[in-house]
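Order as written gives the chain letters A, B, C, D and E; numbering starts at 1 within each chain.
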């Protein structure tokens, strides 16, 4: 069954997490919950990225004793998505931190974390 | 009303899911490295000299990304500082002193964790790990520190300096790459060294150290910022 | 040449370095650091401009792409980085003080923002683009909070969460892009010719969608608008001009990735955004949010242009760049001004009047946005519309102009508020000098851009700009006293007329209108001598208006004509706006003018369809005659204020200053008539398929005449009365032109001359009176004949001419009219015209009686005669009327000769026997009539003078009053609601149907805008849902 | 014909016209008196009134325009006479009609009206202005059927020259416009009622409510001038209609007969019908006379 | 005594006739004295008749064209309309009604004259042009008649206006009025009816009489 291979599982998990994250962002009124949903969304993308780079039955892209240096190209998984995901994680962290800061800020100002309480800017 | 809203949102998310499903069905599991990845696998060693190919990509091939990444953390720290600026230093209620247990534990653990962190970023080009991971671990030390001495104030200055100097050095090394080698962030400023040793892979260990320090400082900074407004919630 | 990577190094290095500093000197360091990229990118740009075309690639990491990241620097990148760096430098200068307050960290954010934007433009690696896009977004998210407040925090939150979702899309797209293509490098991908797979196109879809969403398309842009509204305007300027520039370049860069043809979709997205945002702007009162809508709208326009690129061909660059640079400079400038005055409501922008320079720049930037000549986007829009028409993209053309019109609606309204709304703020406007520098520099840049746009446009001509130079010169000379400037303008107009004369002396038609424009201009300017002081901001616009008018005469091709038309509209708008209560009326005027101008524009564009030259003659060869002619006719009719389109006129003419009213009424309206003449000439008399149009126009003219005159009868405001009378008279002209016969046209020209003579005369005379008595209401005046005998004579002569009573020139018009009507056979329309002619008596009498006769009022006992400078032109005009009445042959003969030429109307001309004009119907000898009536009048006057030489002079209340005495002068003067019985009889014809209709349209538009904008509920989640729905809809459209 | 002779004949014609106008109004009023079983005025009463008015010893003036008003008015009347060919077929009685045609006359009629309006306005009397307002308002409505009729006969005769129009009607009653274009005649004659200002269209003067309309303040010599004008104008207007619709006149006798009948017709109608308000008379003109006017044109076009 | 008189006059001066200040368009103050500013304050002059035949001819014309001001003061005004009915037909004598004093030559005071009405009668009379004639109708105008001791009715009209013809009776019938017209014609033709000039010559006397009885004078001395 293709579906139960690890890359498919992680891909599907990624997409499910993506949908869960999106659902959380648009349905949860609580700002903290929205941020958590965003984190889920973020994670889902990381998962997708890693899944995309995965090649079955291969090892990590570190050329050590377990890898034949000359045949490395046939033994390791794709290193690039892994590099990318590293960056993406950091970016996600940054955004999450900022979101939390803003949430803090909002809570300090209005003592409320309900997103629909903040409608002063509209139209 | 609520049901209406939920079902409407559900439809939207449903469509989204359908869209993503369409994307999913185009996926077929890979069997081969593509050209770019293959190049990294084949030439990465000789060009960069780092055992960890991910590291060689992160630090060298896609060094600009990494610079951006560091910048993002830097930015985040700066923004959080900016945002929380007015609320700092107004702690009125004295914070309870940390427990003996925590203080003792911290005293033991902090050096160990710091060491692990440093190890991880110094060895980033050889084994899994690197500047970001190491930096994050360093920052966890800082959390521990903060928790254990919760009633003391900690200045930003050291962290700021660490941040600035490591960041500047990163860029300087990058610029040196243009001057001494083939391009910005080229690691071949000096010889690649022996493959697999600590001081190999050109500037990668240095950069990763700098990144580790910087990330650690930045994350710590963020934590510090948050921590400093903690306890104000009472009013 | 400096490696552009140093831009990154220096900016980022400085950003890190600043962490080492504490306060001191950081600002200067940052400023120097920001100057560096300006230098680098500018040097590269000029390097490329000087003929080097080779695109440079800068590699990083010592490896070749696609394995490493490379930066590309071609002329496009150089240009865009340059503008962004300049913006960054100036933006920092502008925010210098705020950054100083907020500390180093904000400076750091700004430096990184600029760095990010630079890399966004140069980088050729998709993931790298993602990273730097995030850097830019995060930097912005932080900078938003430069202005502290609850609003800012929530705006920042919404912004971040929306960007989070968008970046998720982007990242998924990048992941799958990499999966299918095996590369992250754009160039590598483009060179590799991979087969198009569905997954690939979906990945690219997600990438492009994310970039598009970054461009804030309507309606998925609530988050961005909140940011515009809440953020510090200095930052909004950066977002609007800086990040939008980078994003649009990004889109441009990434578009080739897609295997699907995205361009139509981009156009559709752009069109929806352009129209939607501008429509919503109409209902918007908050200035920064309004600027936000406008920004989004402009980006929509750019998207349309990008989407249309294949159709535009070689003109794409000019079109895009002019539109882009206009938006870039103007929007930044406007945001900066907004930050200086710190007012949220657009009504409060009247505070701008406290600083002339700010006001000037505000107007300047608004006009730049609107695309008036000579601003760069005018050339772009012209080229765009022409090319679209050429490629028969008529719907697009209409959409673009509709969007532009909406934009014009709120921008002009806003400008009106700034110029005229009551300034309620007490405090002084504090302006920091460093905040003034950036907008000033951008103003200069706009001028430079205009110059370049003019030079690089196909139709641009240095001559186009000469009047503009003159306007600028007058602006610079604005410190001089009014009489010096007045003399200067008069002298230049006279000199220009003399220079112009040889060019047009062989075309009598043009000569007549040039005469009306120039002689009228000089005469009306004479009245300006009575104004003391500097009269700031008057003369530049006078020159602009007259330059436009003369430009119409001189125009040899459609471009020049439209250029002149817009210049004229603009100048007259400013002149009208100078009136005390003219805020609403000037707005209406501009709105109708803009609408009319756009119709003309479309008309021109349609006639360009399928043709190669822009010569005026292509109108006659148009392949879409019905549409072209109808649109052009409606366009010109807007200017002549045909009934239904007339509602702007009365207010605009009545509320203008005393010496502006004659300019706009007596002279400016002839521009519309001239346009119609030109149009009808080009339509050609023999084109039978146009008869129905002419027939309708004829009826329209007749109805206009009746309507205008009837409305004039029921006015209590003297100038409004005259204004409505102008509506009526222009109806005559339209009617006569629609005949398309020799005598008909002669009638129209006679009427044009007559109307110029008597309406200028009347407006000057009444203007003089109004100036003295300081009210427009006729019933408040009365008995002024004793105080202002000369003005009375002028008005008397004026109304005799107006009413068409022999022996004065007006009768010639009537006589010609009868002949024309009978020759043409339009009897019933003719009857309407003559009916309206008799209605003219009513208001003519009301005017002269209410103002000059009847009971003098106490408060006007000490008023003096109108200033001599008002009287001089009046006397010249009166002499003109007398000469034209006695010897109409002097002018009509040459015109008749010209009209009888083969390319006009050779049949049934007016014959001249000595001084007697004959047709096969009747005859008219102005000269002899004048003599007969003159002699008789003098004899009878002498006789009566002898008979009643001893008459006792008595005073105002010595009237028979049924044994009683009058109560007060006010209650004895029968003037208010004078024709109430007439209103009872046929007043229903004057019901404000047109006003009601346009009010309805206005209300409808506002309601639509107001209802649509409620999608921006203010809830951050709703905005995310918008983004998702938007993505889904586009997805469904594409797949 | 030399200019001198022409002026001589013009003056002579003017004299005849004035006298005929005065006598005609006397006769007409005599007839009216007899109709109401009175003896009525002397036929020469208009002369006596005129002499009396010119003999008033004191005069008042409200200002220059008050002074000029009657001059304008009389110029209007005399002017219309000057531009009117009186007798068809005679070179002596065509006056200055070579300078302008029918349109000139129809517009020159306003000259006097305007002057009167201005003079009365200068008087400062509200009733004058009210009267003028009414008069002008009513005149706009009168002008519509009149214009239609003029257009109609201009189409019919393809000319605007009165002389030519009269020429075309020579040769018997069947050639008169009255017969050949009855609708135009009806429209114009209905308009004529309004032009003459008799009941039912005399709301301008309306002595009972609005003392006497525009000339409220005029007296003595000024009034005498106005009366002179009235005498001339009534005849000339009748001559205009005679020329247009009733075949013109080849000698003074026919002219006198026809103008008398035309004038009498208006008085006759006035005897029968009560006065209209302005807001009644205007709609009235927009109904029946307008329909006749339109019919006159439509029938000709067809 | 004089003080009292001033107060008296002030009390009767209508508000709109008092001196007041208005603000002009330029904000300047304008002092208005209505009685002097609105009304001509000149006094009339004697208009000398022509001599000889000319005057006789003109007088004939004046006599044959008597335009009566349609102004009824008392109960006698009801007797005037029948004059123009077919039965009496005053038209045949050249008599006609005119609505405005400017154009009228004859003022008929038709019956008792209340003080209030006297003021209007004076005004109307003065607004008529020279030559002008006054016919007094009924005994009330001669000696007050049944109102001889009324507090607000004048007794003798010729103290206030120069009367040419008195027609006695209470009321005189239209026939009597016609006879009065005949009498007036006779006087005019003879050149005796120079009431207008007489009024001017003895203006001071007339004015004194008028002002004595009219307390709220409220108008200039001579109403042009």
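Criterion: contacts are C-beta pairs under 8 Å (C-beta built on N, C-alpha and C of every residue); 3 or more make two chains touch, one makes a residue touch a chain.
It should be emphasised that the depicted structure is a prediction, and the values quoted were computed from it without experimental measurement.
Touching chain A and chain B at once are the following chains: C.
Touching chain C and chain D at once are the following chains: E. Each step here moves to a touching chain, and the least such steps from chain A to chain E number 2.
By the count of C-beta pairs in contact, the leading chain pair is C-D. Chain centre most remote from that of chain E: B (centre = mean of CA atoms). Chain C has its Cα centroid 51 Å from the Cα centroid of chain A. For this pair, chain B with chain D, the centres built from the Cα atoms lie 106 Å apart.
In terms of their C-alpha centroids, the spacing between chain D and chain E amounts to 36 Å.
With centres taken as mean Cα positions, chain D sits 100 Å from chain A. In chain A, the residues touching two or more other chains are 18, 22, 26-27, 52, 80, 84, 87, 91, 94, 98, 102, 105. Residues of chain C found to touch two or more other chains are 127, 131, 134, 138, 141-142, 172, 176, 179, 184, 952-954, 956, 958, 960, 962, 1025, 1028. Those residues of chain D in touch with two or more other chains are numbered 58-60, 211, 216-217, 220. Across the whole structure, chains are in contact as follows: A-B, A-C, B-C, C-D, C-E, D-E. Chain C makes touch with chain E in their complex at residues 772-775, 858-863, 952-958, 960, 962-969. On the side of chain B, the complex with chain A involves touching residues 6, 9-10, 12-13, 16-17, 20-21, 23-24, 27, 29-34, 36-38, 40-42, 44-45, 51-54, 57-58, 61-62, 65-66, 68-69, 72-73, 75-76, 79-80, 83-84, 87, 126-128, 130, 132, 196, 215, 222, 226, 229, 232. By the touch criterion stated above, chain D contacts chain E in their complex at residues 33, 36-42, 45, 48-49, 51-52, 55-60, 207-208, 211-212, 215-220, 223. The touching residues of chain C, when paired with chain B in their complex, are 3, 5-6, 8-9, 12-13, 15-20, 58-63, 66-69, 102-103, 105-106, 108-109, 112, 115-116, 119, 123, 125, 127-128, 131-132, 134-135, 138-139, 141-142, 145, 148, 172, 176, 179-180, 182-184, 197-199, 202-203, 206, 1025, 1028-1029, 1031-1032, 1035, 1039. The touching residues of chain C, when paired with chain A in their complex, are 127, 131, 134, 138, 141-142, 150-151, 153-157, 160-161, 163-165, 167-168, 171-172, 174-176, 178-179, 184, 222, 226, 229-230, 283-284, 1013-1014, 1016-1021, 1024-1025, 1028.
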